[in-house]
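Note that subunit A is present in both complexes that follow, paired respectively with subunit B and with subunit C.
After this line comes the complex of A and B, so read on.
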């Protein structure tokens, strides 16, 4: 059963690697859709939180719930709620929605602090130059806030990518679950898990490198 | 469309056991934080040494902890170590996995905190006749603690939330584990997990409140 000495033999085949890569693709898809959903909601909620701080305090409390309850439990809860209400959603959709709302809760704070980092004087100056409220938001606040919020957003997308591992609980075969399936067949957990880990690591590396490139390009104009 | 009757009584009957589970959850998280902070300090020291090998070890630890899912790290301990003949219980695997994760994140936070303390302060302390250790203990660490206090609190909340992953490797006495145990017996998934969510929320808020109180007491000056 075990390979002895220095010979390296494994039952890990190319098909298994392909299966893992398919899992990685599901992981990426989940990350993409949940980030899209989460960013969209997060930017709108974050802007609201920053521009109308008093009126949106309840929204802050509401989003705080998602940050204080384990994601695994959110998945289980929403999945059972789906059955109770009778929604005919696939597990993938449920995964995207729950992860998207979770991302939105964090994205809101990132966007809010980005918008608040724009000095009030700058906004007053742009208003006194004759810009309207929306022009001020669009041409002054947005570009500056984006630069501040971007690193946080990038970190968030990496953590969303890692959090997709939890969707296995509601029955989606993503990267980690795929590695589990292979482990049960060929009984070489360390090897298979290391390959899965390497794939996660590579995705993180590529995304953070790309992000660093973007940041560098933005800094040229500062 | 909506013909489901909620049965909160089932969930409430499970409450005493779940609260016991909550204690296990909290203890696990606290233990992982204590070990995590100690290892993070060690990693911080290792990264400052001129020795390339120790720096590489610390760097690898931090980057693996930060770039792979926490669940993967728990899996490596639980299934991976089992493969080389080191069988660990679910709880030990969970604790080791979270500690590994915490240490990596905290080490990065500490490094940021250390950077925020001007180098000149250490030199000033040394020129006042303090030894290197004294300078660190009396000048750097108190300030570092103040800077990293908030990240540590955050990480503690994270640790509590991460303990919920134990159920995936078969842990059955922490909050999520107990809840899942009741769930497979009664199939009142929504009610039970909603209650668990409330308890997790309260634990998280409790930690934040205690941290605020501590910060108010500790950092008055």
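After this line comes the complex of A and C, so read on.
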């Protein structure tokens, strides 16, 4: 009843790995563009929400929609809407925009809480020195809010990276979709998913290490 | 000259200042004493426009603080204020804390601002802490830094809002010494303070605030040593 030995053989080829890496590149591009778009919108909306809380309540409701509806539904709905309206956008663009807006909705809350974490007393101090509202915002509030918001933002970028996997439903071949294609062909799901998982892990590792470096530099001053 | 006339100030339904009149001449040091909630700190915040007022008027060198056309940022440049909570900017080191406003508000070059900041920080005894971040300083050091930061704007007036109240007892002396030097240099100052002996030493006049009004005002040897009103005497008895 003892196995006489273990031999490892696989049909997974170098070409398959290359295919996975191409998928990983698409994942990275999607993450990059959606984070860029989402952060830009999120910082703008977050500042507005923090500084003009009353006037921007409707904006808060609007962004709540994107935070609450599952991302997959948003992808599919927007993709259909695109066809109905007749927008000539590539699936990649649709992916970036939908994910970007989703990121923006979360980023808004991260930025808002960062800005609100700056003690009112510090703002009085800078205004008392003759700084204008905008100078106070630029030189006191923003730097301090950034320190508070950064870990949350980093988390968001990691989760956005993983959420890019959902774009395969609108026909983009990214890392997860690429791995599934290979699984279908060679029928070795365990191995292929482990490799894909490892690639996700390595990307995350690099991002979180870079983030930790930044945080460490700030903490030296506290 | 700071002229305060019939100022009323409320927070929602709570009226904290109920018609205060007070004039502070150039070069004068006026201390404001009184129980908590008597409106003394609020009055300081009103003088440089950090709080609005419901009625009355506050003029600084003839400029109406709360008038619509007043350039409040310009006006604040000549009114320094030091708070109870020293409010150091935690992301900037001591030197940068003091340089920030001269650079951004007065438009001074980095070199000019640094020279100015070093001079003020030396004055308050922090010349060896220039590159240190506020989190590494004691409360007394942070408060002296806050004084240097206000002085770097070359203000004509300095307001102190219970500048020593949040400090450990052994750190109070160093901050009071800094304030005393400033008074001796001829700075026009309004001090809200609970340090009665200090107020007696440095002040030209002492004002006792009670229930949002100036209850008694005069030279320290009258208000502190020989109060004319029973409430003043009772307050002094309670704090000593």
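The rule is short, and it goes like this: the second predicted complex is superposed on the first by the 216 of 222 C-alpha atoms of A that agree within 3 Å, B and C clash if a C-alpha of one lies under 4 Å from a C-alpha of the other, contacts with A are read in each partner's own complex, and residues count from 1 in each chain.
Definition applied: a contact is a pair of C-beta atoms (placed from the backbone, for glycine too) under 8 Å apart; a residue touches a chain by one contact, two chains touch by 3 or more.
Values in this document were obtained by computation on a predicted structure and should not be read as measured data.
Of the two partner chains, subunit C is the only one that A:130 touches; subunit B does not reach it.
In the superposed model, A:197 lies in contact with subunit B only, and not with subunit C. For subunit A, the partner touching the most residues, choosing from subunit B and subunit C, is B.
Contacts of A:139 after superposition on the shared chain: subunit C is touched, whereas subunit B is not.
Applying the stated contact rule after C-alpha superposition, one finds that A:91 touches neither subunit B nor subunit C.
Applying the stated contact rule after C-alpha superposition, one finds that A:189 touches subunit B and leaves subunit C untouched.
Within subunit A, not a single residue is touched by subunit B in the first complex and by subunit C in the second.
On the subunit A side of its complex with subunit C, the touching residues are 119, 121-122, 124-132, 135, 139-140, 143-144, 147, 218, 221-222.
Of all residues in subunit B, those touching subunit A in their complex are 1-2, 4, 63-64, 66-72, 75-76, 79-80, 82-84, 157, 161-162, 164-165, 167-168, 176, 189-190, 193-194, 196-197, 200-201, 204-205.
Contacts from subunit C toward subunit A in the complex involve residues 45, 48, 50, 73-74, 76-77, 79-81, 83, 85, 87, 89-91, 93, 100-101, 104-105, 133, 135, 146, 149-150, 153.
For subunit A in complex with subunit B, the residues that touch the partner chain are 65, 68-74, 76-77, 79-81, 84-86, 158, 162-166, 168-169, 176, 180, 183, 188-190, 193-194, 196-197, 200-201, 204-205.
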